[in-house]
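Here come two complexes built around subunit A, the first alongside subunit B, the second alongside subunit C.
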Partner chain A sequence: MPGRPSGAFRTMVRKEIMANLVSYKFFIVILLTSVLIFTSLFVMARDYKSRLADYQLIRPKPGEPIAVLAPNPLSIFAKGLDEAMTRSFEVNALGIEVRAGQQSGNAIFAFFPAPDFVYVVKVVLSLVALLLGFDLVSREKETGVLRLMLSNPVSRGTVLAGKWLGNYLSLAVPFVLVTLLGFAVMGLDPQIEFGLGGALRALLLLSVTLLYIALFLSLGLLVSTLTKKAASSLIVLLLVWAVAVFVLPNLGTLLARQMVDVPSVKALSEKRQQIWTREVLLAITEGRGKGAPVWDAARKAHFDAVNSEFDKLEADYRMKFDKLVRLSKNINRISPAASFVYAATEMAGTGISEEGFLKDSVVRYKNIVLKEMDRGEKIHAAFAYRYRSVGQVLAQGGLFDLAWLAVFAIAFFAFAHTAFVRYDVR
Partner chain B sequence: MLSALIKKEIRANVFSFRFAAVAALVLIVVPVAVLVLANDAVRKVDEFSMRRSEIENYLKSYAHFNRLRNVVQPAQPPLPSYALVRGISSDVNIEEFDDDPLPVMFPLIDLTFIVAILLSLAALVFSYDAVCGEKEDGTLKLMLSNGLPRAKILFGKVVGGTLTLLAPFLVALILGQIIILLTPRLAWSGADWAALGLLFVGAALYVSFFFVLGLFISALHHSSSASIMTSLCAWVVFVLVLPNLSPYLASLVSPAPSRIKVGRETARLTDVDRDELGQKLVKERLREFYKKYPALTKNSFGAEAKARAEKDPAFKEALEARTKEVQAAWDEANRVQSAKANVLRDDLARKEEAQSKLAKTFSMASPAADFSYLAADLTSTGLRNRKHFAELARLWDRAYWDYVRAKTAALVKKDPLTDWWNSPVDVGDMPRFEYKEESAGARIAGSLPGLGLLAGFGLLAFAAAFAAFVKYDVR
Partner chain C sequence: MSKQTVILKADDLSKRYEDGVLALDHLNLDVKAGEVYCLLGANGAGKTTTINLFLNFIPPTTGTCFINGIDVTKDPLDAKKYVAFVSENVMLYGNFTARQNLEFFAKLGGKANLGKDAYYHVMRRVSLQEKAFEQRVKTFSKGMRQKLGISIAIIKDAPAILLDEPTSGLDPKAAEEFLEILAELKSEGKAILMSTHDIFRAKEIGDRVGIMKEGRLVLERTREELQFEDLVKIYIDYMKSEPLSA
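Up next, the complex of A and B:
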């Protein structure tokens, strides 16, 4: 490369940042991002605190055979399935009775997804990154700046990389500052305790976010190098964005359902009621009026039958459902938005896999409690659940999602580079 | 003149790149979504009929009143409209251990979603440069030099732009309808078509609101690149933020007691506490009772007592009286305890209802939410249908208990000593729960306020756009 490449590169980066700082576009998108992030953190923190207050009311007393998880403080950032994970699982002779928390009482929750940090990033920040990237090449071609720039002895690669980095920094730096400020305010709240592990997970979440933004900036750059007019670049990007963020992941799940035969939850619950009812009847018919020992034996035999059939149903459902989850995950990963959501929620401990592990753990707990009940014990062991460690999360799909996002980001940039080298700047 | 303006807008739009892009998107996404949804709906229909026949089979062998009500629970059958709109029908079933949390992660895509998100975005893409873009090109100056009133220009833009937007959507919808017609298992009735027609009207109002909003923002700016930024920010707030924040804000403003706590308390009241009270009452009543019937002792139960009753009519009479006495005691225990539980339940329901209402009110500031509610209510997949279903279930529940009373009275008459609660019973004549969709007339009447609201939003935006455009400096 002729001249001082690093100097030219630095100039490019500085030029992009300076240009952004004085533009209306930059002002309004940063304003929007900051307002949304603060609003989201405030609202979700209040939600967390009210769920925590509920948890204090419902936490099991020592000896009660009840499994309830405290709400996860990281659900402030990634709500995910925390609502499902913090239900109360109450073990009795016939298995697990479930009670759901507050949000099943307000039907409007079911209409719209939770406005947490992950949602803001998934939807709004990706859009903002595209808005920064869409006219990087085509606008400068329209205004003639690109021609002037390339008449200097700088390589096109340097120009493109400089543009990318300049815009990335102008978005990422304010975003990280705003987010860290938000995290710090949360950290100062005495009711919200992240602990060291939580803080680490939050930082990991932030880095996934940065990767996700990089991806969309690269995509913007790519489309910008493929179009001659900034206006058409924007239209293409908006449509691609809408499809990637809204259409693909939502359609993918539905598509997966048509390939894997999973019984509906309603069907399963009806089956359970039928089994239970049948065994109650059989127990009564066998044991009625034949004295306590016969009745107790019949009762025991049929309750055991209920439990073992429930377990079978449960295992069968879980097997099929896991298959569905795997398939839908793999289909949805076509869209980086889905990969991002999976990685972010699993890191926060509110993802689909974590929920599965929790359920396994609840089933094991139920079996322990039932054995204790058989022995006539009235005081039961407490339920404990350890969230998977960050290492486990990364090993079980997290790393794949991260790599997948990185591959997208790099591939988009590489294509952008190829297109830019051949770009007609006249 | 107006028609010339409209024609000009349509012509300019139809040959633009954005029209091609939006039309391609809509023409692909709508039919694909309908295809997938229709397939899914057919599967749901199959599964539902299988569930029903399973229950009927089951009732033939194992029906007994002790647990019958748990087996014959009212269930919502899949509706033909599921091929287009899903509303809140997806069963996450968070109250069951085996729930289905996938829709929590990614909501289903349906026609509502496509209109609410994709079409509103497309509307802004069509109108963000309608004023400032023409100013940049210099055509606005020329147009106004012809002595055209600004109101007419604005109106021409709105009509022309909205029509070009709705045309590809209408074509896509017709493709979707063809898919539905080719799926005969989804028997669409006249009411469904009427609801769809009104849904289209709602979509048109919704889309024109966003078009006019873009126009308004365009008339506030002098460069189209600034205008698109403001438009997108407004869109994000209206479509993606306001509706999602509303339930959370409502739960802050109007909290409800912990569901789990209330659930546990009511369960204890009607189970453990009920048994305690029942046993106490039985003991009390029987203490008096045994004084009256010395022939009976505490141990006169089971087969032995039954055999003696065959021979001894006085003993039999006493036995019957005791059965009645015990039943009366348990009835009283049930009554007292369920009254206590109902107080708690009613309080919870009232507070949750208030919260839901407030959340809905908050969210109605967003036309996207208004449109979602409208679409869900028109197709019986929303809150309106929840209420309707609950009412049907309540009526059926009453009929069911009437049936149980009549049936058990007959059984007791036949054999006063029968344990009707725990014996198999023939329930061939039991009333079955039949879901009937709310009449189309009621649904349509119920949708009018929503349509009015959307139209109101549109008029408001138009007034704002007009005010901004009149003052617009076209130089």
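Up next, the complex of A and C:
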């Protein structure tokens, strides 16, 4: 008599892992992915070290009113806005002057996105996850194995969950091992100091990545349960992948620009120039030939007026720009790739919010320096910026993006389950 | 299990597909322990639909399937403990060896603690060559795959076996070997329902033979009755006759 079916789920998981392990295609994919990750880490580590060398050259001497941040070692994994954040902000009587800072020496980065870990995951790993998931159901229907499998006392939910977990582990385990190895190798380099906080952030970044892979595997499984042929499944998924990874994240920004009117940097610069010219002319008119005390007073009054108007202009620009960024981000979140990039860069400290906090910090620094200048001090306080804590990153949007990715992954799996329960296995 | 125990039972079973096609029309049949029931019929006669209904791959429009007394629609997982299935073209996992395939399906069927020897024993029983045990299935001929398919059914040790045109495409020797295995399973008390186009082998192995046409079981004969009748002629006459719906 038949025995009680036990551990059908475990059997399914093991079968999926074994099927991958005996497949040369799987080995090639994993090998290529590993090579890509290592190459990315190597290239980005070189870029980081070159920018670190630049920083050593341009870092302000004690007393200089310059705010400049050292490059973030986690930019090796997620470059994000690190180049913009490590520009040199020079404070003078007229406000803040932004200089180039530490730009990538690698000119190719100007043409293509930086090939960092986040980019490799966003583009390549998502595709690999889809390639693992696209035929999990449709191929077995084509070969007839699905009928044989489901003639046993095993529920469709168990089959689907087993397939998902088996393939997820097949991809996630080598990926985590390769990434941790890469991280360890980077950590051995004396020029790259992650510290404990950095290591924690890197682990969080890895967690976001695992969630992102889970999402694409679920998507692959979903499409596989909606199609009868593996070839159709592949075509549909390639289209969905291209739209989700390349089209939607840019579409949001374009749409938001139509909705929020933000002056261009050139217009802003023109306006500043106009204010400056106007106030200088007024100062000259008021102070010329009236003796030093009157000239000094007029000059100070109009310099203050310039600063005040510059601040207003800047505040207005920042407000509109922040609105544009918020709207772009929210539209872009339709694409899980965008949510992933936001979450990953914020975890690394190179995200849009972190850059906003840095700018606020630079403005505060400018106000301190201007007060020191008013007092006639020649030596100015040094600029210091403390990256937000992981808790703050999570509270200020990071957790939302994580949850959003999880919602995508769960929803795709739930839809896949619903479709598979009704799937015609004949 | 008594030879009179009904293991497979179709009770007033009908299936109308969403496109309106009536694939099965009020079918009543039962297969007892130690009996081989062969379903004959042209393509689209309803043979595979019957098997699909027994395996709960599709829901019936009316009627009920029972496996070992369990209503397949109401409790499909419980019912499937008591049935094994061999399809027309057993593809299996090409990158797995014969033993790995057998092990996987045995575990799914509830045989979790079998050793290598048990798998080898079953494969020997179906006359699969020893050297093929640890060979990848993608190198197998159709006959070898069918033998492995029947091994999977044997190792499950279920009281009922459903076979969907299992000898289709097999060479005569392989088909003969296949029938020998079925005869052994029958002698062990298995209830076997086999859909087939092969009239000669149906007559040879079947304790009862049913002819299906347009979803209906139009004729049923026992082995004894067939001793005095020409099954081929009966079958061809039915195939040539006017459509039932006309």
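Definition applied: the second predicted complex is superposed on the first by the 411 of 426 C-alpha atoms of A that agree within 3 Å, B and C clash if a C-alpha of one lies under 4 Å from a C-alpha of the other, contacts with A are read in each partner's own complex, and residues count from 1 in each chain.
Operating definition for what follows: a contact is a pair of C-beta atoms (placed from the backbone, for glycine too) under 8 Å apart; a residue touches a chain by one contact, two chains touch by 3 or more.
Note that the coordinates shown come from a computational prediction; the quantities given were computed from them, not determined experimentally.
Peer 1: Quick one: on subunit A, after the overlay, do subunit B and subunit C clash, or do they fit? Just give me the call.
Peer 2: Aligned on subunit A, subunit B and subunit C fit with no clash.
Peer 1: Identify the partner contact of A:R147: answer first if only subunit B is touched, second if only subunit C is, both if each is, neither if none is.
Peer 2: In the superposition, A:R147 touches subunit C alone.
Peer 1: In the overlaid three-chain picture, which partner chain does A:G7 touch, first (subunit B) or second (subunit C), both, or neither?
Peer 2: In the superposition, A:G7 contacts subunit C only.
Peer 1: Between subunit B (first) and subunit C (second), which does A:S269 come into contact with in this model arrangement: first, second, both, or neither?
Peer 2: first
Peer 1: Could you tell me the angle at the CA centre of subunit A between the CA centres of subunit B and subunit C, given to the nearest 10 degrees?
Peer 2: Rounded to the nearest ten degrees, it is 110.
Peer 1: Applying the document's definition of touch, where does A:Y317 land relative to subunit B and subunit C: first, second, both, or neither?
Peer 2: Once the two structures are laid over each other on A, A:Y317 reaches subunit B alone.
Peer 1: Residues of subunit A touched: more by subunit B or subunit C?
Peer 2: With both complexes superposed on chain A, more residues of subunit A are touched by B.
Peer 1: Would you sort A:E286 into first (subunit B), second (subunit C), both or neither based on which partner it touches?
Peer 2: It touches nothing on subunit B or subunit C.
Peer 1: Compute the least Cα distance separating subunit B from subunit C in the superposition and give it as a whole number of Å.
Peer 2: 13
Peer 1: Which subunit A residues come up in both lists, the one for subunit B and the one for subunit C?
Peer 2: In the superposed arrangement, which is not itself an observed complex, subunit A uses no residue for both subunit B and subunit C.
Peer 1: Can you check the complex and tell me which residues of subunit C touch subunit A?
Peer 2: Its residues touching subunit A are 48, 52, 55, 57-58, 77-78, 80-85, 87-93, 95-96, 100, 104-105, 107-112, 149, 152, 156-159, 162.
Peer 1: For the complex, which residues does subunit B have touching subunit A?
Peer 2: Counting only subunit B, the residues touching subunit A are 17-18, 21-22, 25, 29, 32-33, 36-37, 39-40, 43-44, 47, 50-51, 54-55, 58, 61-62, 64, 66-68, 70-71, 73, 75, 88, 91-109, 113, 117-118, 121, 125, 129, 224-226, 228-230, 232-233, 236-237, 240-241, 243-252, 255-256, 258-261, 263-264, 301-303, 348, 352, 355-356, 359-360, 363, 369, 372-373, 376, 383, 386, 419, 422, 424.
Peer 1: What part of subunit A is in contact with subunit B in the complex they form?
Peer 2: 24-25, 28-29, 32, 36, 39, 43-44, 46-47, 50, 54, 57-58, 68, 80-81, 83-84, 87-90, 95-96, 98-115, 119, 123-124, 127, 131, 135, 139, 230-232, 234-236, 238-239, 242-243, 246-247, 249-255, 257-258, 262-271, 273-274, 276-278, 280-281, 284-285, 288-291, 313-314, 317-318, 321, 324-325, 328, 332, 338, 341, 345, 352, 355, 359, 362
Peer 1: Within their complex, state which residues of subunit A touch subunit C.
Peer 2: 1-8, 11-12, 15, 18-19, 22-23, 143-145, 147-155, 424-426
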